[in-house]
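You will see chain A twice below: alongside chain B first, and alongside chain C after that.
Showing the complex of A and B:
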């Protein structure tokens, strides 16, 4: 769902529609909107699962402070989707647990 | 009027917390006062590292050894979590000179039973696989170093003391004292007066100000140290990392910006440390210092540059002019015990707190702490800051 007529911001203007991939599923998004906005518009509410108990989390503060909406974006984990803007072809994944530390296999 | 108790502990950091914990265990009635709240000072803003090879052999290392056992005990009897992990730690060297001095330094520790070695080049990656060995030429490894959770420990001490009957007064700032016959009779705060047989001052960076109310001029100053923290990530940094000049020199005074970091059990990495001297207790952070720290981190760990920094803060930490703790009974006020300026206090606070409780209650005296006595600053001279 999107707000098309906003009492203060006015009418939604023509925007370029692009495509992003969320957990392998293709969704449409408006170029330059926050990833979180595109997900909500597509009905996706769960962005990540918590570290200890794998509980679902999604958008909370919406202004980059709380880090609840972090996901893996183009292979980078812990990306705050509320302040990261959509680009065509982005690959977004639900983040389960901690983010990636580094790429070496033989960690501890 | 507040009822008179056995002991008032001023300062709810790890040092005041440990002392209150052991006094309470011994059945004493204790009041803990903090101008802000528990763990609001340096104890809630640090890197959580256990450091060994920046300490002179002697009582500090005895305290360190005993403290590791005590941390295990708190977990075993289910009092509180410490997240203590003896992962081994490294101090970073950037040139041949530092490595050479480092070799001398670790000898001293190996001789008394610690397990230290100098790692060169690629060998450093056995401990820290992501470190950039183009920059870091060598490292002093010490197996007995590690990390812990400073919040859980500080609050653990205080909560346990409170559970067993002690009282914590937050937002209660000690403003002055009433003295008679060289004894503190009354501790005056913004929330009224408190009374006790004995008074413990464990006020960290604020100690010089507070002691001036007793016409004492302790040569204890302070600086502001900043850290930043990342979002939680999988394990990628094993143990505590400190600048080598901590190990081979005495870099505690003045301004500096050097890389030291810890990855914690929850996956976050605290990255420090930008340190500035100040003449006020402002906890602000410096823009230049923060940017420089981020740059240092990315140079040292180029493969980890995608980590997200989510907070930056600073904490006020004291340093004593002669680099020794101020620990023991005052020579001037007979019921005043001071415990401040214990460097890297998390490595030693359990044992130092336990001994302090014994000294306070039984008036026992351990000759090994003689040189820490506050009396060395009570001879009447005034110091310029």
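Showing the complex of A and C:
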């Protein structure tokens, strides 16, 4: 749920709305917010399944330290969604285990 | 390879203050931080800070962050954001990851201002989605303006737990309770009383023993604990909630200090293992520390320590007159003494003294 009104921070300012695709489903997101914020706003809290026991995991530290919120983003696995910012048309997938997208290392 | 006089690792209150102090003396400085926004923990603090004027009391945390940023800018210090330090090697060569690429930085002096990370506790179900650190909740409500859930149970009554609970309420969530294993509230009474006035129950002498839910949290079982932290399961009960937050303390982020083989000491009052430093926050011949990495305290102490380390570096590089530097450091220590007084502060003060004493006893000085 988005916090539209806030007693100290005031109203939410005009932001550019874009769409991203989460497991094939289209959701609205704000350009430049972390992917995890868009997911929480859409009520999605399960981001991945662990490698051995397929247990669900979601947002945990929120500042890029713990790696619990990793997902497949635009075909790349292990992307920390709490510090990776939304771009229009992004394709985000629940990551199972190590994911299918290969690692960041393969890209750079 | 980038050559620089001073590299500051971490752009929280400590790192930015270090950059400002060194920059003012003309030390060529780069501050790096892994986040897209500098300011460290300050950016999620929307409450007014306590203390004295000189420590920016009455100013909201994120405003302090903005002020520090402006100052850094004016002093000609470069700030690299989205830049993570992944290693420190011989001859002060530092590996940084910037724009997806690894680069080397060679610095004459290095200040580690990496802050702290939040602690967790384990119980059945404690890894379920919907369970997160208080800092995560705070970041998402105050910076990204999204609620992590609707009904929130907080664990821990230190200032982080109390303040975050109140801020969750301000953001429109329902805080169903705050659970605290000890028999007393850990943080300041003013913060606890705000919650009490709002009718939020504080369960002293209780802990969470299980999180309910198959794929996401949908409840918590809590039970009383005695003074020896023994749980009485026969008196457990269920609390309806969809989110559980951990506010159970911070641990200094000392990995980079360990990488340079700095001697480490355990200090429970300061958050656990931390590098042994001298009275100028030096841990090895060319490396200094400041802020939560040198013991978990507060933003005000982190800023003072940052200035101290910045001044000490400027002196060593010959950019600041020795006598002037010594005077400045004396002034900083006077202000730190004020911050390290009172019920909580005095314990931190003696722990800090103990560390400095340990350093002086070490044979052979710095490596």
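What we mean here is this: the second predicted complex is superposed on the first by the 96 of 108 C-alpha atoms of A that agree within 3 Å, B and C clash if a C-alpha of one lies under 4 Å from a C-alpha of the other, contacts with A are read in each partner's own complex, and residues count from 1 in each chain.
Everything that follows uses one rule, which is that a residue touches a chain if its C-beta (ideal position, glycine included) is under 8 Å from a C-beta of that chain, and two chains touch if they have at least 3 such contacts.
The structure displayed is predicted, hence computed values, not measured ones.
S.K.: Contact-wise, after the overlay, does A:85 reach chain B, chain C, both or neither (first, second, both, neither)?
M.R.: So A:85 only meets chain C here.
S.K.: Please name the chain, chain B or chain C, that touches the greater number of residues in chain A.
M.R.: C
S.K.: Answer with first, second, both or neither: which of chain B and chain C does A:67 touch in the superposed model?
M.R.: first
S.K.: Let me test your reading of the model: by the given contact rule, A:77 touches which partner, first (chain B), second (chain C), both or neither?
M.R.: First partner only, chain B.
S.K.: In the overlaid three-chain picture, which partner chain does A:17 touch, first (chain B) or second (chain C), both, or neither?
M.R.: Neither chain B nor chain C is touched by A:17.
S.K.: Applying the touch criterion given at the start, work out whether A:99 contacts chain B, chain C, both or neither, answering first, second, both or neither.
M.R.: A:99: touches chain B, not chain C.
S.K.: Report for A:51: first if it touches chain B alone, second if chain C alone, otherwise both or neither.
M.R.: So A:51 only meets chain B here.
S.K.: Looking at chain A, which of its residues have contacts with both chain B and chain C?
M.R.: Overlap of chain B and chain C footprints on chain A: residues 104, 107-108.
S.K.: For chain A, which residues count as touching chain B in their complex?
M.R.: Interface residues on the chain A side: 51, 67, 70, 76-80, 98-104, 106-108.
S.K.: For the complex, give me every residue of chain B touching chain A.
M.R.: Per the touch definition, chain B meets chain A at residues 129-130, 230-238, 263, 266-267, 303-304, 306-308, 310.
S.K.: Show which residues of chain A lie in contact with chain C when the two form their complex.
M.R.: Interface residues on the chain A side: 1-3, 5-9, 12, 33-34, 36-37, 40-41, 45-47, 55-65, 82-83, 85, 104, 107-108.
S.K.: If we count contacts the way the header does, which residues on chain C are in touch with chain A in the complex?
M.R.: Interface residues on the chain C side: 34-36, 46, 60, 100-101, 117-118, 127-133, 135-137, 139-142, 144-150, 170-172, 215-216.
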